[in-house]
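For reference, chains read A, B, C, D and E in written order, and residue numbers begin at 1 within each chain.
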Amino acid sequence: MQDETKYAITMENVNKWYGKHHVLKDINIRIKDQEKVVICGPSGSGKSTLIRCINGLEEHQEGKIVVDDIELCDELNSLDQVRGNAGMVFQSFNLFPHMTILENCTLAPIHVKGMKKHEAEELAMNFISRVQIADQAHKYPTQLSGGQQQRVAIARALCMQPRIMLFDEPTSALDPEMVKEVLDTMIELTDLGMTMLCVTHEMGFAKQVADRVVFMDNGSIIESGTPIEVFETPRTDRLKLFLSQILHN
Amino acid sequence: GVVLDRVEKTKQLVVTVSAKWPPHAFLNDKHELAGFDIDAANEIAKRMGVKVKFETPDFKLVTGGHWNNRWDLAVFSITPTKARARNINFPAIYYYSSYVFVVHKDSKAKTREDLKNVTFGVEGDTTADDYMHHAMQLDMSTVPPFKYLDFTPKMITYKSSMLPFEDLRLGDGVRIGAVIAEKATAENAIKHGYPVKMIPNDTAFLEPVAIVTDKGDPEFDKKIATVVDSMKKDGTLKAISEKWYGADYTQATPQ
Amino acid sequence: MPLTNRKKYKKANTFYAVVVLAILIGLYFYFCIENTSWLSDLVKQSSGDPGRVKFYSTLVKWVFGVALFIANFFLLGKIPKRIQILITFAELFVLLGLFMATFQLSLTFILSKVGYMITQGAFTTLYVSAISIFIAFCIALVTAIARLSSNGVAVGLATFYTSLFRGLPLLIQIFILYLGLPQLGFIINPIPAGITALSLCYGAYMSEVFRAGIQSIPKGQWEASKALGLHKRKIMRLVILPQALKIIIPPTGNHFIAMLKDSSLVSVVGVWELTYVSSTLGNREFRNMEMLVTAAAIYWIMSITLEIIQSRIERKYNPATR
Amino acid sequence: MPLTNRKKYKKANTFYAVVVLAILIGLYFYFCIENTSWLSDLVKQSSGDPGRVKFYSTLVKWVFGVALFIANFFLLGKIPKRIQILITFAELFVLLGLFMATFQLSLTFILSKVGYMITQGAFTTLYVSAISIFIAFCIALVTAIARLSSNGVAVGLATFYTSLFRGLPLLIQIFILYLGLPQLGFIINPIPAGITALSLCYGAYMSEVFRAGIQSIPKGQWEASKALGLHKRKIMRLVILPQALKIIIPPTGNHFIAMLKDSSLVSVVGVWELTYVSSTLGNREFRNMEMLVTAAAIYWIMSITLEIIQSRIERKYNPATR
Amino acid sequence: MQDETKYAITMENVNKWYGKHHVLKDINIRIKDQEKVVICGPSGSGKSTLIRCINGLEEHQEGKIVVDDIELCDELNSLDQVRGNAGMVFQSFNLFPHMTILENCTLAPIHVKGMKKHEAEELAMNFISRVQIADQAHKYPTQLSGGQQQRVAIARALCMQPRIMLFDEPTSALDPEMVKEVLDTMIELTDLGMTMLCVTHEMGFAKQVADRVVFMDNGSIIESGTPIEVFETPRTDRLKLFLSQILHN
């Protein structure tokens, strides 16, 4: 089913600056269709920035980003297509505070995909149940605890059933008890043939589902390989240090 | 001309009047326009064989000219001056209005000379204001000569004809000690219980008051002039004046 | 609400406080306002000079007044917040009434005119304002979005418009529209001229409010919506504006109330709205103060209505108070 | 900013676009405004009726005008946003000038009076507004905090004040203060009366703005400050107000600009501010339009100054644009 | 040095409702001076609410809370004293966005303790360095990544050098690499004789420093004991389930 040469995401010599601060340095990476990639690295290493460049939330200044055969350029049209195919879950939840949980989840299906309201609600309830908050569907985000809020954000992204999913530390604000539920949901998604790019430090998850782990530091990709390669035979000192610190806990 | 043609065609005369200038023009108890100006305008229309439609724009809009055919005539109690004549025409004078000195009831002033040290209240941008500044622009041929005050008192200028009376009523010299105002207004104030009185037997000046038209239609002006003239001649205007002022204001003599 | 009321009250306390307060106020009224002869008698005994009598009477009145004020404050402190607010309101209303009473207004005159003031004046005011408010709202929305757009022409147009129509006095705008448009070949009637000027002027003010409201929504909301694939227009309508409303409503309420009163300026072109009617009626019988106060009361009632509507809407869109 | 401009421009493009635009505008001016005889000649050949001639000339002018407008829009689309905004501004300014030219104002008259208008009129306007703005700001701050307090008396007082002074027309407030206070024994001069009325009225408006600004700061900020042991007053001053400013500034700017112009109402009691001076000068020589336009221009300049100050402050307090 | 009967925090029969939602049910707990207590439990179980009641950010409707011998009652005075002694770190950082990092940290020392500006800055830099962001001290919070922001929040609380520290999932938004640094800082604090109450799921931390672990569910305290008791010999099924889910990762 999978075409050998088909890439979901291609980044070539991508560079990005915030003012004078060089946050992405010569990023080169190709992610195959249906590949599951985990990105890890210390704080401030540019993981979030990388993932935000991919669906055009940030502009890169140099290099080329191709998502699903569409090059991210200045035309709004290409941006739309990319975003239609790529869902995103943020580190900070970014829920819509004036809408109930259900409304948060049905907004895009109704207004982007043009679904009927009851269809969208059915679909949304499905994902809302998966993240274990079906009983909260008619509350407002501010009435939920932090953990519950992030789960809503994930459900909201899933409701668009995108071909590529971008996760920016989706479980970092979740209770350990819930992490598993969410990771299970994410693993289920892999059966649907989605490409996944996930910033996370969940080793267990990485080992179980990732085809590849990418380690970033200071704006560059330092190492990349299968989870076993990266976690068990780190080549650089930087990665060794990082792993020792993670495993210490 | 354009205006005359229009009036004759539509059988309607659009007249601008004030609604806040009793007893020249005001709202009566049935909330209809009434007063000397209104009756005069009605009479003019009657003699022209047309109906009247009244409008009440701001004084400034009327005296500014450039009516753009919105209105045909202004019976607005406007005094002709040279400057105003640049923008509008004064085809006919229809009455004369006298200005008097008003003081508080408790004032000891008997003549204008006694007002040397009091503060005057004047409505701004009126002939009264000009009088106080020794800068009258009246056409002297039509009015009897008058004397400016031979002293320069302190003065407060107001944007309304009523506020000087409100301030005078607070007490003699509390804010002001004298007002220079139209006699009809002063009489009205006294009638409604304001604690004020006029300096007796002293008219500050007498000013003519004219009907106003926009520039550009001499035939219409001529027509108005004849109509007003006939009203004066057959005593109709005098009767209207006596009805509203209790005296004949149509002659150039102090009442 | 961060500033909460932590005190708890007993019912009996409330009752006693209100009763004591009522008695104190009653005493003050009787002895210091209605019936002050005892006071002058008292002072006269110690000094015969009438100027001094007046001075001391006034002094005593003030001293007792201040004492009453302080007692009032402490007694009210003992009762629940809701009733505190109500009583304070009632007291202030009575004070206002007393102040008005010093003008010795003729109530019969007011009653004979108030009907016409409402049917002719207030009605015109309301209908001119309502139409202008609606148009201004639309203009403001479009202008605010234009000012935040990426198109320089739109930004330029919107900024120029806002600056010009905020910058010119409304009266001058009315004059220029009324006198200027005929020069270009459009004869415009008084009411349309007034409505146009009001709409343009308040549209400019409100566009600033809208712009600020839209700008105050966190970037995360735009990003999340964009990532979901929503387009600018829909993001604005579905996500940003409903949240911005919370910030937009209070100053918009201000402008609506201000417009209600500024609509009186259209009387210069001969529209018989509330202010015009009141000054016309007042001039005739030299009862300006009566008409001013009546007009003020009518304006106040209209603006209170707007205030209530505003607080309803505010409560609806502010999740904190939901 | 969520609405960013993603286009990139080439310098050459900009240059050509500006040149073409200038030529088009020049042609339009020459053939449709300065020199329209060819047009009437053309029309006359096909029809002799003078009414028709006028109609067709106007039609042609409009058609070309709209075409120019569209061409303008497209050409401007090719150049960077900054220059777009500037050119749009310049064009609108010229248009405004042309509109004003239809009034055929006497420039010599304006020039002879403008000095006095500024030294007497604008100066008084500025100084009355500046004092009033300062007082209004203080009143608004106190009132807003009172409205959010847990003390019912404070809430009642503040709410009543806001409602009353927002609800009454400013003109009536000035009258009542000017005529009413003397009844209570205080003779108040025109300028203090005007300043008091302006401050009270705008204090009421701005207190609503302040209240909304303070309420918009997330609860977390109060909680974090409380947990650090800060007191209400300091939380307000150090944490809440600096953040609320972002939301408070734009509507406050609106009110400052509005007050600049509303200060003209104090002329009813005889203060010689800008509007009064301009109408007096205009009346004397019956050049009202000249003076109106000059006054308008002076008001506009003053309000642009305020706008610039506002946007500076806004940029300072809005971290998003920092 | 430690008085046997001295309790830093005492809660007796504390009940709390949000409207009709009963979020704290008959809470009874006594925390000794200098004791380190870890609270854990599933999302929505009332952990945050409990900790917020202790420094008066939420009112409890029934029962008695005594902090450092001061009963939390309606008088503002008692509240002040309690807050002066108890520092708090929030789940959501609640940094002051209009102040730099350094200003965030010196605000309370200057305005509550009345320290001189340079003294406060010295103190603050000390704690800012401990959480590894000394080089960011003059940036604004929005310019930092999520992880960096939470570290500032911790530094800010530490700057008040309180006798009791309340942590509400202080490390849940931190990168694994940084978690250790922060936990080390927290462990150092134990030497200063602080009482600590910490909502966290960091087992390693709990085992190392906690004198007691409290497990909450659905508004009630279900189990409490030493880390070894709680983690190794859970008595209730609810705790067993919870632990199995946490340890799964």
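Following the convention adopted for this analysis, a contact is a pair of C-beta atoms (placed from the backbone, for glycine too) under 8 Å apart; a residue touches a chain by one contact, two chains touch by 3 or more.
If you want to know which protein each chain is, UniProt gives these names: A, E = Amino acid ABC transporter ATP-binding protein (PAAT family); C, D = Glutamate/aspartate import permease protein GltK.
In this text, all values refer to a predicted model and were calculated from it rather than measured experimentally.
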Intersection of the contact lists for subunit C and subunit E: A, D
Reference subunit A; chain at largest CA-centroid distance: B
Angle, in degrees to the nearest 5, of the Cα rotation that carries subunit C onto subunit D: 180
Dominant interface by contact count, named by its two chains: C-D
Chain separated most widely from subunit E, comparing mean CA positions: B
Distance from subunit E to subunit A - Cα centre to Cα centre, in angstrom: 30
Centre-to-centre distance between subunit C and subunit A (centres being mean Cα positions), rounded to whole Å: 51
Whole-Å gap between the CA centroids of subunit B and subunit C: 37
Mean-CA-position distance for subunit D and subunit A (Å): 47
Residues within subunit C bordering two or more other chains: 4, 6-7, 175, 179, 223, 226, 289
Where subunit E touches two or more other chains at once, by residue number: 92
Multi-chain contact sites of subunit B, meaning residues that touch two or more partners: 60, 64, 166
Residue numbers on subunit E that touch subunit D, as the complex places them: 52, 55-57, 80, 83-84, 86-88, 90, 92, 94-98, 107-108, 111-112, 140, 142, 153, 156-157, 160
Footprint of subunit A on subunit C - complex, ascending: 220-221, 223-231, 234, 238-239, 242-243, 317, 319, 322
Of subunit E, residues touching subunit A in the complex: 42-44, 48, 91-92, 144-148, 169, 172-180, 183, 201-202, 204-205, 242, 245-246, 248-249
Residue ranges of subunit D in contact with subunit B within the complex: 179, 182, 187, 190, 267-270, 276, 279-280, 283-286, 288-289
Complex contact set, residues of subunit C against subunit D: 1-7, 72-73, 76-77, 79-89, 92-93, 96, 99, 102-103, 148-153, 155-157, 159-160, 163-164, 166-172, 175-176, 179-180, 183-185, 205, 208-209, 211-212, 215-216, 219, 222-223, 226, 232, 246-247, 249-251, 253-255, 257-258, 261, 264, 275, 289, 292-293, 295-296, 299-304, 307, 318, 320
